[in-house]
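Chains here go by letter, A, B, C and D, matching the order in which they are written, and residues are numbered from 1 within each.
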Amino acid sequence: MITLGHYLVVSGMLFSLGLAGVIARRNIIIVYMCLEMMLSAANLALVGFSRFHLVNGLPDYTAQSLVFFTITVAAAEVAVGLAIIVALFRSKQSVDVESVTKLQG
Amino acid sequence: MPPLLFYLFALITLGFGFLVVTGRNPVTCALALAASFVGLAALFLSLDAYFIGVIQILVYAGAVMVLFLFIIMLLDIKTEEGKKLNLPAIVSGVLLAVLLTLQIAAVVGSTELARKTSQDTPLALTEAATKIGKAAALPTITNDLKAGTLPDAKLIGFTLFDQYGFHLQVIGLLLLVGTIGVVVLSKRERSAP
Amino acid sequence: MHASIILLLPFFSALVILLGHRQLKGAAVLISVGSSIISFIACLALLAAADDKENTKLLLPFLDIGYLHANIDVLIDKQSRGMMFIVSFIGMLVHIFSLGYMKDDDAKPRFFGSLSLFMFSMTGIVLAGNLIMMFIFWELVGLSSYLLIGHWYQKASAAEACKKAFLTNRIGDFGFMIGILLLFGANGGSVNIEDLTTAFGPGGTLGIHAPGHSAGFTTAAALCIFLGAVGKSAQFPLHVWLPDAMEGPTPVSALIHAATMVAAGVYMLVRVRFLIEASPLAAEIIAGIGAVTALMAALMATQQNDIKRILAYSTLSQLGYMVMAVGAVAMSVQHGHELHGPNPGHPAMFHLYTHAFFKAMLFLGSGAIIYACHHEQDIWKMGGLRKHMPVTFYTFLIGTLALMGLPWITSGFYSKEAILGAAYDSGCSILFHSASLTALLTSFYMMRLVIVAFFGKSRTDSARHAKEVEVIMLLPLVILAVFSVFSAWKTFADTLQAYKPAHEEPHATVLFASIAAFLIGTGGAIYLYRGKDKDPINIKLFANKFYFDEIYAVIVRVCQDRLAWIVTALERVLVDGLVARLPTAIVARLGAATRMLQGGHLQGYTFLLGGGVIAVIYLVVFVLPRLGH
Amino acid sequence: MSVLELIIALPLLAALAIWLGAPARAASLAATSINLILVLYTAVQYWGKTGLAFTYSRPILENPSLSFAVGADGISIILALLTTLVMLAAIWQIHDRPDIFYVSSLLIGGGALGAFLTTDIFFIYAFHELALIPTFLMIALHGRAEPAYRKAVAWKATIYLGVGSLVLLAGLVWLVLEFSGGSKLTFDLEALRSQARLNPLPDAKQAQIFFVLLLGFGSLVSLFPFHSWAAPAYATAPTPVAMLHSGVLKKFGLYGLIRIALPLLPHGAHVEWVQNALLLMLLGNILIMGLVTIHAKRLDDTLANSSVMHMGYIFLGIAAGTEIALKGAVILMFAHGISIALLFGLLGRMRNQLGTLEYNKLGGLASHAPAFTVLFAFGTFASIGLPGLTNFAGEVLIFLGNFTDFKAGVMTNLQWTVILALWGVVMSAVYMLRAYRSIFHGSPATGLFMIDPALSQRVPFIMLAATLLVTGCCPWLLLNLMKSAL
């Protein structure tokens, strides 16, 4: 039978995939997509918990409202992120992570 | 929700997720990501979170993916053919991912909370109608509950506007700032830099 | 009062010459010679006023803290009066001789200044009342011998010789100082010779029969002080500097390296004889080293060709004699029979007095010969000088006979016979046999020198044209020749309070041995060397001085220079490395590591972020529960 | 207003005047010669007295009672005499050099005078630091070797002495805290000294504090393990700085030990582990540095290393701690200061005239420069401890001081160290005479030759040589100044 554990494991694996992608990939857009994946993995865990933790016989909707908020934030973040990437592309003509080393100490 | 379907959707989500990470061509990655989100939405549905599932498809798969594709097309990013693999980064990424998965699996395995299945947490819809406090006053919710169906969207809407009204306004503001930011950032410099 | 004149006059003359030698020009020479004559007269007055009470009179304060009284104080007793007479008399004669000898030398003021400095320091040693004052003048004598040997410093050999002399003396002084420190500590802070004599005497605290007497300490102190004498009197291990010291002008060799300075070691040993008599082991070692030096030097002398080298080795041999006498007398005292007689002088001092006269005479004679043969020193290039330089020849002959110990006539015979007597009743027969063998060799090589240099026909034209030196150089020769005959006679010996054996007739065997040695040695030399043009016997070992110079050179090179090179390298690597370079390297490495964190590449940041998350999870979930939080 | 304050102030004022444009050579010569006369005046006044004299104190702070207090006893006057003599000689021998030479010499000398004549630990430390700074600057700016090496040497010296001063500061603060014990914190030496007499610290603590002070003062004085800054610094330092630092400033560490460490921590040096450590270190100084000096191929390396080696003897005197040894140590400090200053001064002149100081390139200089040879001979024979020159009096007192409580037959390791240290005397004779022989004796091989300095330039060196001779023949002149028991 499917237990909460299953959902959490899937969410964990998805999160790790996202993390691996962020670290491993050189193309900043792909990095961004993996970031979205990590966020949605978190949502999955939240929904899982809301379903298996019943309040008055119903799923715990505060968790789901939090998921709602994360989705909104993610959307805003993607918008701003991509704008930055565009500005970056204009100045550096490349989306490679290596080229972005302005902060070098 | 038969376990088979769960494994199918999980496989879809993780498979396409893996494709996103390893894809050479950004467009294929974007599409793989969309597919992964659809799989994810299906998982939401299996958890009786219909509204969230729909929102997931609507916002993520729809809006965000389109935005990514639009940027990829706009900036005409070619596939990274032949760039030498940044071996240390890949190795450390994979290493870290494996380590994290093992850790989560160990944590999950060690708590008995995670062993609860949907059967032993049935949704007692009819009795809920009387016990949900202020929401009981709203006939629309109580009628559905009594009819044995889960008014998912209505309940979320009630929770949001009942308890988290202020938070909604903050999110609204955040979205506003986000859009203004995008406009400022992507405005082409009139005077040459 | 006389003592202060004798001591301080040469010092002021040296100072005046040092400061004003450019203005004084010629006068510098007169000042130094004048001061030597005046100090000789003062010394005669000192001899005349022979009040027999021996007291240490303070002359000048030097170091006076608490119970330490290391001052310039003067001890006038029989021994110092006798020695003072020798030093000032021969000093005066050498001053007069070098007036002639150094006539055409351009650095005359520097020479006479150093001579005055030498007279000052030698007088200091003779009159010293305490060991620290003796040590002070010990080193000053070393300095003046450095200056005099290195007078012609342009010559590389002279420069090396003076450095070698000073360093060898310094090694001797190293031992001397340790001896003084030991005595200073043991004797409760006083190194006054009179206090030490009482301390080691019958009632004293350190004597051989004193309760707390530790044999080890006394032997150590005695041997350390003996090391000082070894350095100064060129005894066996540290003898290498004396032959090289011949680089200096001949009057220097006559005064310093024959009569006075090298005798200072013997004088000091006789001064501290209470210490030597307190330790039987030290007495034997001293006697042994003396005998070895005497025998070895005599062997070396037989094969030398340079006239001054022969005399240098003969001095070495005679000094070995005297040191052996000191050891022998100490051994005989330990065996119980006291030195009997009214004024029990010391055979070593007696031989020192007589030897000073005829050896100074021989050196001055050789100086006259070298001066006449235009600085030719090799005896095989001389020959037939008997006809050309009669006065020098006769005086030289008298000196040689005195050195060889012509029985009953020359002073050498009496003093050498006294030493043979001391060796004979020291209870160790080897000493007596080696002493008599040395006596034989002495007469052999001296007769060889006289025959080759004076008899036969002159081998080179410089010898042929040699003519007698001026009177000013002959005068000291004649005076010294007279003394080398009469210095052992009763009346003269008494005034010098030198040792005179109470029982007139020596042991029969001793008498027979010394006469036999004289005859065999002379006969052998005459037979071998009459009419020869080159050296018939040729023993490499003796000619090269037992290869000591080479051995010492290797020892110095390996032990000092090589070790210094290794130590420098080690010091630079270890000390400098550990204390200086290591910390700087560590700090630099740390700097580099922290810089990597701010490297600016995004992936580095995310990696660290992820690593941090995992570490936290690991800690919180796995470690803390087990630790019981 | 005590005369000592004037002595300290004069050089600093002169430096200021030069900086403001006064003629450098005239001002500095005037200041130093007046200073010398003043110090001689104080010496005559102090003749035979004991305890502190000419004291005058200007309170500055109340709670940690801090006051600019001056006062001098025998030791300070002797060292002040050393400082003024070396300062006058160092400044006199400077010719056609930029003004910075004069200013730095005045600052170093003034700092040293301040350190020797004040009786307040704070100011002793402060003046020493003031004196150090110009040394580093001068080595870096006007050193002898090519710039890169010069700067490296300067850096090394700065860091070394900086760390040394820090360790010293830690030791001093610990000492002051130990003695003030929570009540009024005082830096005044006399107050601390009386407190030390009233309630002395336990031996173990005394040993620890003494060891920290020893490390601090030791590295300022190039004690063995911490000596590697000294040789290169003196070899490359310009002549006046080399003269002043090796002759005077290096004595500060020893003065500190005698003035601060010994009276306040009497048993500190006699605790087993501290004494053994000190003996090992000073043996390293004498024997190892002796061999290193023998190995040196250039005159400046030889002199620099030999000044490090001679510190071993002074530490030996301090290790013994008896009255004779300490007075010997002070005399040896005075003598070594004068002789090493004389040698470095002459070295500077040789370097200017000949350009090279390698032994194998020199030879036979005596025939052309007799006066220079005599002066160098004075320095050489003084530094190898020839009787009749002051070094010997100091050394013999130190050796005797170590043997005062010697019982026949039993040798403490202090006495064994003296025996080993005595071999150092032979080693110093070896390297100094080798240097003297290869430079002055022999025939002038390389055509390099020197002419005698003009009489006016010879005066500073004659003055130093005369001091060595006078105080060497009558060391009681110095001893009577140190009547007060140490």
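By definition in this document, contacts are C-beta pairs under 8 Å (C-beta built on N, C-alpha and C of every residue); 3 or more make two chains touch, one makes a residue touch a chain.
Quantities reported herein were computed from a predicted structural model and do not represent experimental measurements.
Visitor: Taking mean CA positions as centres, which chain lies farthest from chain C?
Guide: Relative to chain C, the chain whose C-alpha centre sits farthest away is B.
Visitor: Could you state the distance in Å from the CA-based centre of chain B to that of chain D?
Guide: Between these chains, centre-to-centre, one finds 80 Å.
Visitor: At what distance in angstrom does the C-alpha mean of chain C lie from that of chain A?
Guide: 99
Visitor: How big is the gap, in whole Å, between where the Cα atoms of chain A centre and where those of chain D centre?
Guide: 72
Visitor: Could you please state the distance in Å, as a whole number, between where the Cα atoms of chain C are centred and where those of chain D are centred?
Guide: 36
Visitor: Touching at least two other chains at once: which residues of chain B meet that condition?
Guide: 86, 89, 92-93, 96, 100
Visitor: Scan chain C for residues touching two or more other chains and write them down.
Guide: 603, 607, 610
Visitor: Could you say which residues in chain D touch two or more other chains, in rising order?
Guide: Counting only residues that touch two or more other chains, chain D contributes none.
Visitor: Touching pairs of chains, all of them, please.
Guide: After working through each pair, the chains in contact turn out to be A-B, A-C, B-C, C-D.
Visitor: Which part of chain A faces chain B closely enough to touch in the complex?
Guide: The touching residues are 1-10, 12-27, 29-30, 32-34, 36-37, 40, 43-44, 47-48, 50-52, 54, 56-59, 61-62, 64-65, 67-69, 71-80, 82-87, 89, 95-96, 98.
Visitor: Per the contact definition, I'd like the list of chain B residues that touch chain C in the complex.
Guide: Touch residues, chain B against chain C: 86, 89, 92-93, 96, 99-100, 103, 106-107.
Visitor: Taking the complex as given, what residues does chain D use to touch chain C?
Guide: These residues of chain D touch chain C: 156, 159-160, 224-229, 288, 291-292, 294-295, 323-324, 327, 364, 366-367, 374, 381, 384, 386-388, 392-393, 396-397, 399-400, 402-409, 415, 418-419, 422-423, 425-426, 429-430, 433-434, 437, 440-443, 474-476, 479.
Visitor: Under the stated contact criterion, what part of chain C meets chain B in this complex?
Guide: Counting only chain C, the residues touching chain B are 603, 607, 610-611, 613-614, 617-618, 621-622.
Visitor: Can you list the residues on chain C that touch chain A in the complex?
Guide: Interface residues on the chain C side: 595, 597-603, 606-607, 610.
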